[in-house]
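Here subunit A shows up in two complexes: once beside subunit B, once beside subunit C.
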Partner chain A sequence: MEALAMHISNGIIDGPVAAVFAAFALAAMTICVLRGRRDLDDRLAPMAGLVAAFIFAVQMLNFPIFTAGVSGHLLGGALAAMLVGPWVGALCVAVVLIVQALVFGDGGVAMLGLNITNMAVLGTAAAYLLIALLLRVLPRTPAGLGVTAFVSALVSVVVAAMGFVVQYRLGGTTDLGGNLTGLAGTMAGVHLLIGIGEGLITATTVVTVAKVRPDLVYALRGLRRPAHAPAPAVEAVGGVR
Partner chain B sequence: MRKRSWGFVVGGLLVALLLAGVVSNLASSHPDGLDSSLREGCTVDAEGEISGGSCPAQRETEHEVGGPLADYGVAGVDNDLLSTGLSGVVGVLLTFALAGGVFWLVRRRGPEAGDSADQGSTPPGDTADRRGTPAGTAS
Partner chain C sequence: MGAGHVHVLYRESASPVHRLPPEVKIAAMVAFTLAVVATPREAFWAFGGYALLVAVVAALARVGPGWLLSRSLIELPFVLFAFALPFLGAGERVDVFGLRLSTDGLLGGWNIVAKGTLGVLASLLLAATTTTRDLIIGLDRLRCPQILTQIATFMLRYLEVLVGEARRMRVARVSRGDDPRFLWQLRGFAAGVGALFLRAFERGERVYLAMLSRGYTGRMPAVWQGAGAATAGQWLVAATVPVLAATIAATAVVLT
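Right after this comes the complex of A and B.
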């Protein structure tokens, strides 16, 4: 059976560039701990643990995309950002990547900074920027929430993929003749398709959680302030932002 | 934290265990987007091993750790279904323990923060300019 490797393996990016990104990832994660701490209360902490465990589980579920011989899997940045916010969300994805690298031999340990930068930092950041924007312009309905989750997830996957292309430009170990267009095009195309899967999984999960426990969806908290007063039950609390 | 939230976490964990322990066996075994992009230019044989050509994936080197759960299987367990499922279950529990443990340790321990009333309200004055700040679009 084909060995399952989902993340950047050793030898793909050279050591110095990997080290620089390790330092960057460490700095980013430190900021996430400092900022995320403010969000992490007795209720969010176990929820965030669940989100990390859920992302680990769903990352194992490689799904076929409509290109022969290629599969995709969840990255999870958008899902985490929607459910537990950007700071804690990025940490959730990072914990998954650390467990995968140290225990499951997936993604080189020396490459961890690169993988965390792409999926935990870039993916989550891109997703959250879109979430913050879309939740303001789209109707506050399950459909609006679903579209927000779908679009932010799709874009986050492509952004993470492009992060890798930049890293490969800086420290790729195979000389592509200075021409990255081929790799960039392939990565973008494949991850656009994977992004559709990511979007469907993220939207389904977030809408389901919102239906069962809307108070556990971080992205919905900001909408509780009395603005246009659409949802009285939720608006009553107010003042979160 | 109220009981109901713990119920949700336990329920969610069961779903994750089911996905990683059982559904994972239905996963596609084709290389993922990254892997396949790095194999462009190479030919692969029926086993999925690179057999010729030239591509970035050829520079791949050994993993530093490996370990008994490497490649999402349990070393020594021959049954593929069992091996994959068990590794998934261990991974979910390990990830939950590690993430949940770290988050619990660094959590904010304010007076009843997030636990009062119902909707996760936080102490007034403590919340301004917090939510959504990364987007820089708050209000």
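Right after this comes the complex of A and C.
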């Protein structure tokens, strides 16, 4: 049940805290819109749409963990950051959340700010920071790219889950007392497992795309831009077919 | 998987609610939800009033209660969370049927169930009366940044492509002896997921370039033609629901 709790529904967090996070999410989204416009060229526009559709689809695809009682879905923040960059990536996840809240009632409309903060802002930001770091440290091979995608996806899921715990601490409508640590533990544990699934799917997708069309992977684009030896970087990841 | 969800929720009809422009319905739905969430949880009668409003709109939109209830099952995980709260909550306890439950937890659980259900019902009503295409036109008219509506437009278009491709690949796997159950389905799915993504992208890219060469600038034509934008009268009609809800919420705040 914790898995779906990523989409916070109405009434879980109180009004003032929701309003603060809504303001935060709005500000973050404004920055993303301004920066994203610069990124969104003829190649990225359809890619952004497809990434959003992909995230939308995998969020519906629940897969079971342990028993029937707990099922989790993927978040897609790392995949978006990898393929379309942090700005457009955050917008893609936000669009998915907005449509889900408006049309499917998945996540309360009044809690949209909290959900966007967790999954679109925190999840994507954590993923992109890790991607930027790991791509520089790890060898530029498909394996290195796969590990980067896996780790960043795993961490972004757990970070998003912890975002919910912090919000619950700040404005949960019911005081759980000592049980809050329990909630944090359950959330972390369940999302570690979801994160592994998400990591595997993100890694396979990104590695496949990078092998066939390395020009489509935004994270690799950033690496090629520096003037020093751009060709080997492309070859190392893109050359293996 | 969520095959065809995009159109499953829309209920073809010509009811007064269906005929309202999308931007009006979105605004009314969001305002209604905000009023519900702002209501203090002790004001039980107020939630009855909201439920009545939802029922009236559903009747006007000719959406049956059975359809609404079965679709609102999406909320189930939260209901479970709500039922756990009386046992987990801190503070003073009361005896209910021999169980010592936290009063704060009981109220909190009620809070989640009531506000969550009303929110889900409101969005289901919006989904039942508005096509996804109209929804994006509505968001655009509400001055939503174009980059967002553009991503949303492509998302809804490509969703069909993705779901269709995924179903074909799944049928291919199953017919070759794959048995997709439990956790093992992940492997089969993950192995094909990269290929699925690329196939869908290359198809989507062709469509996009075709659109560009036909004069697409990031907005769908229906929007700039401006046909069917809401009139002041329609805004007033749709405003009745959120205004009534806000009145109930304000009364509840004053009384408690």
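Everything below uses one rule, namely that the second predicted complex is superposed on the first by the 213 of 241 C-alpha atoms of A that agree within 3 Å, B and C clash if a C-alpha of one lies under 4 Å from a C-alpha of the other, contacts with A are read in each partner's own complex, and residues count from 1 in each chain.
The rule is simple: contacts are C-beta pairs under 8 Å (C-beta built on N, C-alpha and C of every residue); 3 or more make two chains touch, one makes a residue touch a chain.
Bear in mind that the values here come from a model prediction, so they are computed numbers and not experimental data.
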| item | value |
| --- | --- |
| Partner touching more residues of subunit A, whether subunit B or subunit C | B |
| Which superposed partner A:Val95 touches (first subunit B, second subunit C, both, neither) | both |
| Which superposed partner A:Gly197 touches (first subunit B, second subunit C, both, neither) | second |
| Touching partner for A:Thr186 - first (subunit B), second (subunit C), both, neither | first |
| Which superposed partner A:Leu216 touches (first subunit B, second subunit C, both, neither) | both |
| Contacts of A:Asp41 with subunit B and subunit C, given as first, second, both or neither | first |
| Which of subunit B and subunit C A:Ile12 touches, first, second, both or neither | both |
| Touching partner for A:Phe56 - first (subunit B), second (subunit C), both, neither | both |
| Which superposed partner A:Tyr128 touches (first subunit B, second subunit C, both, neither) | first |
| Interface residues of subunit A shared between complexes with subunit B and subunit C | 1-5, 9-12, 33, 36-37, 40, 42-43, 45-50, 52-54, 56-57, 60-61, 63-64, 88, 91-92, 95-96, 98-99, 101-106, 108-110, 172-174, 176, 182, 212-213, 216 |
| Subunit B-facing residues of subunit A, complex | 1-12, 33, 35-58, 60-65, 69-73, 85-88, 91-92, 95-96, 98-106, 108-110, 125, 128-129, 131-133, 136, 161, 164, 168, 172-174, 176, 182-183, 186-187, 190-191, 193-194, 212-213, 215-216, 221-222, 224, 234, 237, 239-241 |
| Contacting residues of subunit A [partner subunit C, same complex] | 1-5, 9-12, 15, 18, 33, 36-37, 40, 42-43, 45-50, 52-54, 56-57, 60-61, 63-64, 88, 91-92, 94-96, 98-99, 101-106, 108-110, 172-179, 182, 197, 200-201, 204-209, 212-213, 216 |
| Complex interface listing, subunit C residues touching subunit A | 1-2, 5, 9, 26, 29-30, 33-34, 36-38, 41, 72, 74-75, 77-78, 80-81, 85, 88-91, 102, 104-105, 107-109, 111-116, 118-124, 126-127, 132, 135, 145, 147-148, 150-159, 161-163, 166, 182-183, 185-186, 189-191, 193-195, 197-198, 200-201, 204-205, 207-209, 212, 218 |
| For the subunit B and subunit A complex, residues of the former touching the latter | 1-2, 4-6, 8-9, 12-13, 15-17, 19-20, 23-24, 26-38, 40, 47-48, 54-67, 69-72, 80, 84, 87-88, 91-104, 106-108, 110, 113-115, 117-122, 124, 127-128, 130-132, 134-135, 137-139 |
